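Taking it in order: structure first as structure tokens, then the write-up.
Letters A, B, C, D, E and F mark the chains as written, and numbering starts fresh at 1 in each.
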């Protein structure tokens, strides 16, 4: 009896459709149409599942950064992360998606217009639902912005940062993304970047690097005579949680980038991607732990966390083709890059609060080049061309924007505000008001 | 009356408190502090950069005692808190003019 | 060779069934039966996936509340959240589901009996598995209880709270839920509430409001001459994490409420719901940030977090039909409601520790009315009728229960216990025993 | 227009396959082949989804343990958790999977060789993709190692712990796992353990118990005259978060262990498993809260958290067959075990920092025996045989390894390092450097 | 000048500060401390094991005052901080040699 | 011997410590405290309600010194810790009866 009553449940349109399909369309079902429709649903599910996993990476970045900044700037970092995810979600609708995917035609840019989806209740054309694809692409765009926020932490003002994010997610990322994923000129050239070591991570990394340089280091970070004053992060468990959330999200990031899940071969490829992604991260962690044990005796957990991410970034350009050992090594090199590049940046007085530049930019470049190791269609020259093109565009566009913001509204808080912490200065709410520091 | 301030290693806190209790000390106040002295902090490493920490965690005890107990208390602290390693801490003795128990308003030695 | 050995793996019944289906049922497979069975599995997957996402919202509420109460009450808040989720899970089996869905027949209440599922290994009737539906409905019920726990925090005793939760999840929520989702009188009337702006959020909000009023404010919260003494939350990053977890869970909450995922149109609608849900939350955040920047100069991150949730609550009554701009605006109004209603409640000396009332009750009402904007089947009078009916029932039932608990076992801890914190008084375990406050 | 351009997106191989399937294989599609392929994709999805949920349990363990150790050892606990997950991921490829599943043939052990997956783009044989199965099995292996890390916390050195993990995940767990899940001798005998109450949880629990005994208690934990000195955990909200994450992961753990999701009956069984799993955890929580309220007046939240996990462990051996009440009771007994066993272990001076032994070992044994309650194929003697066989092997192998490590490189930090905290001694990075303790 | 040290219950802090302000005290310094005394901590329970906490949270105030204000300040603290329950705390008065305001270098009573 | 208590702005801690070290001060003890004084806390906003914070974070230094060093130490602190802005803090000098090094039992100036 329960069962008889239950089907009339929530959601008007949904309920109607849910009950109707067999009756309504049974007459035209063929084996081919059923196979296609089943594949359509599987592909859509891949995008939605991949999408919510990548969406959750916004929480991962927020926790990683909240853990690695000092407690006086934690509320600010939390606000910036939820705001940037929101801005990306709106800008990628208002401008981004069309700039990236509409009428690129082998060129350099798509169209300037907001995006729209088929009406509710519509049967969508194509091999996946339009909205699921948008959602999946949007969360990638948001990830690009998240990369920036950690590097420029503890000294940037709120509003210039948010404006930067709006332009990055609405214009810069979509334009450069169109070159490859929008079937633009680099795609025509044969540039390979499966899930975005360059398109997402390096682009975010360049925006981070230019921002960190133009902002300058945090006050007191670099002393006389090359002395580096560490400013330890406020909460290692939050940074660890953030890293695990990012690792989880990466299964959606790389797995979803297969773009298809509707048959045996695609489902098997997605599985392969899951496995390789995991092995690369594991390789990153282990290599960095070994190097640190040899170099420093102690094993800095923040570097191990960064190295997991670097391993993930490194495999992102080609998570499908490598075998297990190759995946471990590709990720392992990513881990090594972190351990070596973090102190190197300090030597150049580039103050990257959370290690975003080694993780996303350097490991992203490495991963993009490493495609040629396992993918016979990869060509080192073309990969280098892509790396250079993205680097040039992202660096120049970002630097221009940062400098414009600097000379207009200013990007850096006053020394006093920096000393007191951005939470007091711009948020008014301390992150841990009760704990004595 | 004297106001005794003792800086000790944190892990000695419970032992010292117990020892003083058995001497007849009925109250004291403890604070977490950071000490700078001959005992240096470890050289630490954070993200590949070495740095020195100048301050070491210590506990500060403040104990108001009647004159008769002063030497015993000082003696007991130096004995119990001693590990023989650098950084064991200090005992400072200051003069105490007056002591009042808030609850009753009693003043002097009986307030302690 | 590996492959030959592997299939004999875990789980007796499972394994047998896994290997058997083709052989056992091949003879009767038709195109229609295959289509139906495939849709059955997709629908079940939607419920399970949606269900675990909403289940995880229990963690989101726990973190949000742990972050927004003072540290002396954090352990209590953690205990209450895991206990309420447990109680909801048991009560919704023992009473709730049948009260909500069994033999409502256009009426006001279902049947008083525990629920049961088909045996293991059974082919289920209907278009999704019975257990998956129960699971999905149960986590909604638990969410309703979670809403209450934050509003009455820092002063309520453990046991009366747990008793309230048992009645709320076993009786109050199911009865009122039956009116619409159990195909009761309001469903007959044409009331629309896709995923529960009213049925879940307002009902929880009324229970929270009556509880907060009957309990009274925390000691010291409201001073003489209308002075409001803020009692800042103990950890902004935990509150942020909680908000992101809730945002993630909302894809399950709204997406799963489509109730079907078995064909192109339904999968496309679920995708549309994901997108609209995300845009509404983003709208909530951005509107609240703009308002705060204008009104206060500073941007209170706790309000921005609340506003994300208010945006989500607002879109919940109709996450399918609106276009992107409408979604942003519907969510944006939710965000505005938070910024304006939080200080207003304080003016009435209603002490809602985490902002549950503006987020779930006020934005829930707004969302329910906003259905008429995008859904041509929506009727403002009927929507208002639903809002009023749910409000009346939930407020009266909750208030009666709170008052009954107050005069019998008492609901509020002693002033001394409140001052010392509930963790010491009722839990015995401090949340952060080592940190000096 | 957008749509026309969009399909050419990311991923070379993926894209090609995604566009090709209909054309390429349409000619050979039959109703049976379509049914089989659809089931293949569903099964693979079950493994991937279950897999990422269980993967995230690594974060759950990390947070639970970070919350339950003192703040001076939190960074170490974070490092150990990310390192052990990485090691498990590599060792289960290098050795574990083949030892567990390759040519066990009713025996005691599989084959010594690394594992490999079909090439990218390959149609996989069998009823699910090879990689997805490996991924799902790997995360189980990692969970086994996670169990150990909490019990031996706050006094074990980093490197011996990591070596232990490498052997546990590469050799010990796979060998004993082969007995049942690799179709070894215990499977032949008819031993039942659906998702691993014994195979995962008890094995991890034995490794934890032998480790805790051989290491000895933390300094100062047990005073003269049987005095037990509590060492309260540093962060209850993190422990709560960890518990909720583990609870979430358990849907993957138990649900995925159905191993099939391709038809009505399997999807319905997975749903049943979700429901039973949730009820058992809820039962664990409620029973423990009631017992504590009666015994101690106060309700220790850390015990309630442990009890949720014990309820989950208890239902894991048979999450499919029991009805709702039975599930609640099976989980409830798990909760009772925790409340009673935690102080009992203290009486024997076995210092289990996070309660891993009661939760995973004792509740795991209980759950394995409880199979006979609901599963008519269960035989108490055989279940006891399995429990004993696993116990003997896991305890002897673990103890031997711990002792070997003890006499060679030493497993315990110096008293001074223990007093100062492992974070200073081995990590160099404090977990909460700014907060006064 | 005198240096007054008062140990009070934390929830009395704001009241005491306000009361002293109206007496003309223009500055004071507060520290979170742990007090041991007649007021014992609760018997706590953690994971089934009972234990005693010896220390209770208190706030310590340090107030440098000119001699004329001393008795009023002491009086006011004992009045306002009194709840009549055990653990209300103590007031200690020490002699103060010298006080300097860093900003201006002023010394003596004007520096307070 | 004197017992010097200095309340300073937290960001001056390292500079002051270094300056005192070069004067020959071999030890000191630092505590995080909350100061109330002419420097008022910012008006803060939480969830739409404005409120005042009365206390500002400060660091308290306690330094026992032999009489010969007192004026130099006070001088140095006032110089180095001065920013010229309100809230720079105070230096208080108290008489110190006795000082003992726990590790060795040495008493008097040699113990410092």
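In this section, a contact is a pair of C-beta atoms (placed from the backbone, for glycine too) under 8 Å apart; a residue touches a chain by one contact, two chains touch by 3 or more.
These figures come from a predicted structure and were not determined experimentally.
**Q** So which chains are sitting against subunit A and subunit E at once?
**A** Shared contacts of subunit A and subunit E: B, C, D, F.
**Q** Note the shortest touch-path length, in steps, from subunit B to subunit F.
**A** 1
**Q** Write down the chain pair with more C-beta contact pairs when B-D is set against C-F.
**A** C-F
**Q** I'd like the Å distance between the centres of subunit C and subunit E, where a centre is the mean of that chain's Cα atoms.
**A** Using C-alpha averages as centres, the distance is 47 Å.
**Q** Rounded to a whole Å, what is the gap between the Cα centroids of subunit E and subunit F?
**A** 18
**Q** So what's the Cα centroid distance for subunit A and subunit B, whole Å?
**A** Roughly 52 Å separates the two chain centres.
**Q** Indicate the residues of subunit C shared as contacts by at least two other chains.
**A** In subunit C, the residues touching two or more other chains are 31, 34, 38, 45, 49, 115, 130, 232, 235, 241, 296, 298, 300, 302, 428-429, 432, 435-437.
**Q** Can you list the residues of subunit B that touch 2 or more other chains?
**A** Residue numbers touching two or more other chains: 31-32, 44-46, 94-95.
**Q** Judged by the touch rule stated earlier, which pairs of chains are there in contact?
**A** Applying the touch rule to all chain pairs gives A-B, A-C, A-D, A-F, B-D, B-E, B-F, C-D, C-E, C-F, D-E, E-F.
**Q** Spell out the part of subunit A that touches subunit D in their complex, as residue ranges.
**A** Checking each residue of subunit A against subunit D gives 31-32, 34-36, 38-39, 42-43, 45, 49, 53, 70-71, 98, 101-105, 115, 125-127, 130, 133, 180-183, 187, 192-196, 232-237, 239-241, 243-245, 247-248, 251, 255, 257-272, 274-275, 278-279, 281-283, 285-286, 289, 293, 296, 298-302, 304-305, 308, 320-321, 323-324, 328, 375, 377, 432, 435-437.
**Q** For subunit C, which residues count as touching subunit F in their complex?
**A** Touching subunit F from subunit C are residues 228-230, 232, 296, 298, 300, 302-303, 339, 342-343, 346, 355.
**Q** If we count contacts the way the header does, which residues on subunit C are in touch with subunit D in the complex?
**A** Interface residues on subunit C, with respect to subunit D: 1-3, 5-15, 17-19, 21-22, 25-26, 29-31, 34, 37-38, 40-41, 44-45, 47-49, 51-52, 55-56, 58-59, 62-63, 66-67, 74-76, 78-79, 81-83, 85-87, 89-90, 93, 114-118, 120-124, 129-132, 134-135, 138, 158-159, 235, 238, 241, 426-436.
**Q** Along subunit E, where are the residues that touch subunit D in the complex?
**A** 44-49, 51
**Q** Please give the residue numbers of subunit E that touch subunit F in the complex, ascending.
**A** 3, 14, 17, 26-31, 62, 64, 94-103, 105, 111-112
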